[in-house]
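Shared chain: subunit A. Partners: subunit B in the first complex, subunit C in the second.
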Partner chain A sequence: MNEKWIKILVLAGLALAIVFTPVLMSQSRKMIQVKGSDTLVNLVQILAENFMEKNPSVPLAVLGGGSSTGISALLNGTCDIADASRDWKQKEFDQAWEKGIKVKLFALAIDGLSIVVNEKNPLNELTMDQVAALYRGEVKKWKDVGGADLKVSLYGRQSNSGTYAFLLEHVLKNKPYSTDMKEMNGNAQIIEGILSDEAGIGYTGVGYVVDKSTGQVMKGLKVLKISKAKGQPSYSPLDKEAVYSGNYPISRALWQATNGTPTGGVKAFIEYELSPEGQKVVEAEGFFPIQGPLAEKNRENLK
Partner chain B sequence: MTKRTLRNLQERALRAFFLFNGIIAIVALVGIFVLLLTSSFPAFREVDLFKFLSEKIWDPTAPDIPLYGILSQIVSSLMVTAVALVIAVPIGIGVAAYLSDVAHWRVREIVKPVIEVLAAIPSVVIGFLGIVLVGPFLAKISGRTHGLNALNGAVLLAVMSLPTIISISEDALSAVPSAYGEASLALGASKWQTIVRVKLPAALSGIIAAIMLGMGRAIGETMTVLMATGNARSFPTGLFDSVRTLTSNIAIELGEVPYFTTHYYALFAIGLVLFLMTFLINLLADIFLRKYQEHEL
Partner chain C sequence: MDFVKKLILITAALLALGLAGFAQQTYQMTVYFDYSHFITTDGYLTSNALTNKFHFRRAYFNYENKISDNLKFRFRYDADNTANLTSVDFVKQTVKKDDKLRPFVKHIFLEYSINWLQSKFNIGMIETMAFKLSEDRWGLRSVAKTFADGYKDITGESIDMTSADMGITWKGVVSKELRFGLGVHNGSHYSHVEGDKYKKFSGYVQIVPVNGISLVGYADMERQAEGKDAVTYKVDALINLIPKANLVFEWLQYDSDLKAYKSGGWSAYATYQITAGKLGIFFRYDNYQPNMSDSNKDMSLIIAGLDWFAWGKACRIQPNVWIYNYKNSAKKTDVAGVVTFFMTF
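Presenting the complex of A and B:
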């Protein structure tokens, strides 16, 4: 009888150990979760890798999924840093306030939202109104904006994308996208589509149009110059000065958000990202570093 | 305790164990149905059920008036699945008949496992093939500028459902008593006549089950169609249109939707529609099968 009891106790102990080990493990190795914008995911991934080389004790996990996905994750408490390629909506600030989350925003990089077409497309520039008309589906033939006699093939992102939301608000002026737009899973898929579609037009962060190995615009791709209105000069999103000055009409800041003033590993990581060294990586990835009042604001929010 | 009562106890415990497993399957099914029902019901406080099913435009995040119409998605799902089956069923049954009745047993021993390995390829990989291989090919032969369309999805789904259809059809054909085939051949029928007139009808219930399982795989598949069909929200007018299926739509939007909003409930309602569609297909197949068997006897 005694022996039996011992056996049962040992078995119960083992069972408990099996149940609790994962719980203990997960607590001792807590990862910092970064989630959100697909436009930012490659950049933040590289920043995280560089950061972890120097700080192996701070493990980071970087995920994409789209700006809205990241923001909901921060609101639901399932990530530590939310990446967004658009401004936060008032509704999201309200939800954060209701949940007692104090949102701190950090501008990580400046992006010239790029309108791209296939290299074979004879067009070199479009006006804001033309981009809007194309994406609303009001213009269906390239001929109507001065291009070839081909049906326009629209590539865009899905509604969880910050880029999708940004373009809808700032270019389409909140009139809905054409339902003929192909909704792709990420920036890379849009590029993939445009490269093989001579009638295609797509939008993507400027960091995605440059081939990292050559520093030039990817082969087969053409980045259109955009002008504010007909008759005005057009600028390329690759033109740093035009993006900073706002002459390039669809430039934007790319954001990271935390719950409250960051501490510990999260703070160290954001400090690294905003440091000259981190901003150099931003530039190497094709985006533009933060300067001026935004940099000032970042410093304030870190305190 | 005697040995006998111990064995009796063991017997009963095992029986209870199997009963428990059976019940789990039923509980899961009923549970999913109830969850879908309760989660989709609140959507219809704001969305008219008739409009939900008959309107073509889905735009729940529209800046002015959100639109909740899933007709385009239903038609897209049915179109992609139907075309996939049109491609996969003849090939699948052909291969199955070849493997069971024509091929040398050594060939069969090699080919069948290889086909089953095809089923293990992740759907993301198949979707990727759709983007880089099938899409550009379809664009070329159709003279269009891109190949992200319904036909691309259908071709990939056909490839994905082939292993299921071939494997189960082959099992069904092999299970036909050999006396049937032998009798047919003895009566002077050719090999072709034997396969088409005797063996296929005899194995029909198994083959239909195979097709149904293949169809289930096709209609529920998400990642592949999400990657290959372009996901445009327009009502499809042909096989070369970009389409968005019910499954893609749920996958695209469920990740970002704010919880407990009409949009969230509406996505569950789409899930319910999908569930009812597959349920109906299974039911019809069952009725058809029973009719056919009665007719035979």
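Presenting the complex of A and C:
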């Protein structure tokens, strides 16, 4: 190596340092990235806004995209908190193991996954088997489950959605969805579809079915009661006790995950979400607060 | 019916079945080009005649169709200026060549997944398993190919490795500590049709003994002629013990009965995201031994630089420097400063 280009290299290094120092300095106030579940995105956005009001030095960015997208982002190191409306899959834990990610899970809320129809639909309840048969495309007419003589119009999510995956596993027993199902981008789009489709059926987080201004189920929408099997009592996802007790058969925890025990701003935000104040927001948004063993596990994972 | 025809028929049949169902389709375009400036002008490669240039390197068009929960199809068009055949003049019996970017099919395959062993089966013109794991860790294909992938470009010595080939692979996970892959390919790469009856057999075992440390042993073998084999051995150590940092070691050896010498070498690289999705740094050292019987042909390459997400993921600017050193004292060191522009949308 001759002296000339060593000098040039040093100068180039200095030039790069000058160019990038402002960039590096601007990163010192790091934005915490939260990404994933569309079911959680509105709730976490409100929690983040409340948190930032009190902690303006801890900026947060909350994005949806689906549970799988959030989990992938955590595995790729491009987000700090991954939101998921389903349990992590074994292959995701295996990827985390390979990539040195130490997954810590926090249950943020309990959701009664709601089966919704247009309010003009005469049905009030379905069994789990009927929901499965409808979504698998085995039942194509509403009259076959006690409804009107209309062709069933299925609304669902795309496969990167945790809600899609949860229903597939827990209700459809891993048999595929009907190819007639319309794959919507989010919960809000499913609701919009149902409101304008008398023959529609959809699934969504319970936080999306209530009109926040009235505290009642959104006008034009009907939330069906679900029973575990024919002849057994049916329950509504709006019935808090039925969701907690498991009598409502498609309730689930909504999760957040971090890489390792959270520290700094990430820890402060999760502590706020799980605090009584944060859990009040959870309830105000139509979901149910965490209690019992899940709350205890959250406390352990924060240590 | 030969192997290629069978593959095409099976692929078409599976595709037809899959397309009957629902589909999620994604399209992505990725482009990268460089501005490079030779800092040395008297090196082995660098000269006063060509001190700087813009160089359009790659353009990809990627189409993926998630046909069902366990069936996926990918079509990838790739363009570079090595595919430089323009036209054939049938009267003069000549071909016209230039350096325009021209497209070619890089991937066209189906991926079928099942829960058993988290298995993934790929069939068609597929990604090979030779350096996929280390390439994923490197994540800077726009700056440089990984060690094994770019071996021939750097040294001029072919080690018969490619990123894509016609064939079938099966990858699976036995446990979180143990993964594997098996494959059979034409061995003619994506740029040539199969020219002989021999197939390339490949496989890897990945052991992940602790969270964040992987050891990958890879081997492939193909008969070159009657009684003449070519074998490649590769070992990777993939280390992720620091959040947002990758540390990788690659070791490689190629041994062909058609050549009087072995080729090999090793590479070590580290990447670190200073701020995820904003700014990263990288450093790499490659040691090439294109003729292991003649150490005078040994050479090394250092690549170091920054990965700046100037406009989010859509546009990254990657200033970097390349330093070539040669064991042969008659060859002088080459140094180039490069600014790589990476765009995806």
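Rule of thumb we're sticking to: the second predicted complex is superposed on the first by the 280 of 303 C-alpha atoms of A that agree within 3 Å, B and C clash if a C-alpha of one lies under 4 Å from a C-alpha of the other, contacts with A are read in each partner's own complex, and residues count from 1 in each chain.
By definition in this document, contacts are C-beta pairs under 8 Å (C-beta built on N, C-alpha and C of every residue); 3 or more make two chains touch, one makes a residue touch a chain.
The shown structure was predicted, so the numbers you read here are calculated from the model rather than taken from an experiment.
Asks: Quick check on the subunit A-based superposition: subunit B and subunit C, clash or fit?
Replies: clash
Asks: Applying the document's definition of touch, where does A:Leu168 land relative to subunit B and subunit C: first, second, both, or neither?
Replies: both
Asks: Check whether A:Ser159 is in contact with subunit B, with subunit C, with both or with neither, and answer first, second, both or neither.
Replies: Touch status of A:Ser159: both partners.
Asks: Thinking of the overlay built on chain A, is A:Asn259 touched by subunit B (first), by subunit C (second), by both, or by neither?
Replies: Only subunit C; A:Asn259 stays clear of subunit B.
Asks: With both complexes overlaid on chain A, does A:Lys99 touch subunit B (first), subunit C (second), both or neither?
Replies: A:Lys99 contacts subunit C only, not subunit B.
Asks: Classify the contacts of A:Leu150 with the two partner chains as first (subunit B alone), second (subunit C alone), both, or neither.
Replies: First partner only, subunit B.
Asks: Which holds for A:Ser196: it touches subunit B only (first), subunit C only (second), both, or neither?
Replies: After superposing on A, A:Ser196 lies in contact with subunit B but is clear of subunit C.
Asks: Quick check for you: in the superposed arrangement, does A:Lys30 touch first (subunit B), second (subunit C), both or neither?
Replies: In the superposition, A:Lys30 touches subunit C alone.
Asks: Between subunit B (first) and subunit C (second), which, if any, makes contact with A:Asn185: first, second, both or neither?
Replies: first
Asks: Touch check for A:Gly77: first (subunit B), second (subunit C), both, or neither?
Replies: In the superposed model, A:Gly77 contacts subunit C only, not subunit B.
Asks: Going by the overlay, flag which of 99-107, 189-197 or 333-341 in subunit C ends up clashing with subunit B.
Replies: The answer is stretch 99-107.
Asks: Both subunit B and subunit C touch subunit A; at which residues?
Replies: Residues 158-159, 168, 176, 179, 181, 183, which sit in both footprints.
Asks: Okay, in this complex, where on subunit C does subunit A touch?
Replies: 20-22, 24, 39-40, 66, 68-69, 118, 173, 176-177, 179, 206, 208, 211-214, 238-241, 243-244, 273-279, 306, 308, 319, 321, 323, 333, 335, 337
Asks: Okay, in this complex, where on subunit A does subunit B touch?
Replies: 65-66, 68-69, 72, 95, 150-151, 153, 158-160, 168, 174-176, 179-185, 189, 192-193, 196-200
Asks: Which positions of subunit A touch subunit C when the two form their complex?
Replies: Residues 1-2, 5, 8-9, 12, 16, 20, 23-24, 27, 30, 33, 77-79, 90-91, 93-94, 96-102, 158-159, 168, 176-177, 179, 181, 183, 259-260 of subunit A touch subunit C in their complex.
Asks: Which residues, counting only subunit B, touch subunit A once they are in their complex?
Replies: Per the stated touch rule, the residues are 57, 59, 61-64, 131-132, 135-136, 139, 145-146, 148, 226-227, 230-234, 242, 244, 252-253, 255-256, 258.
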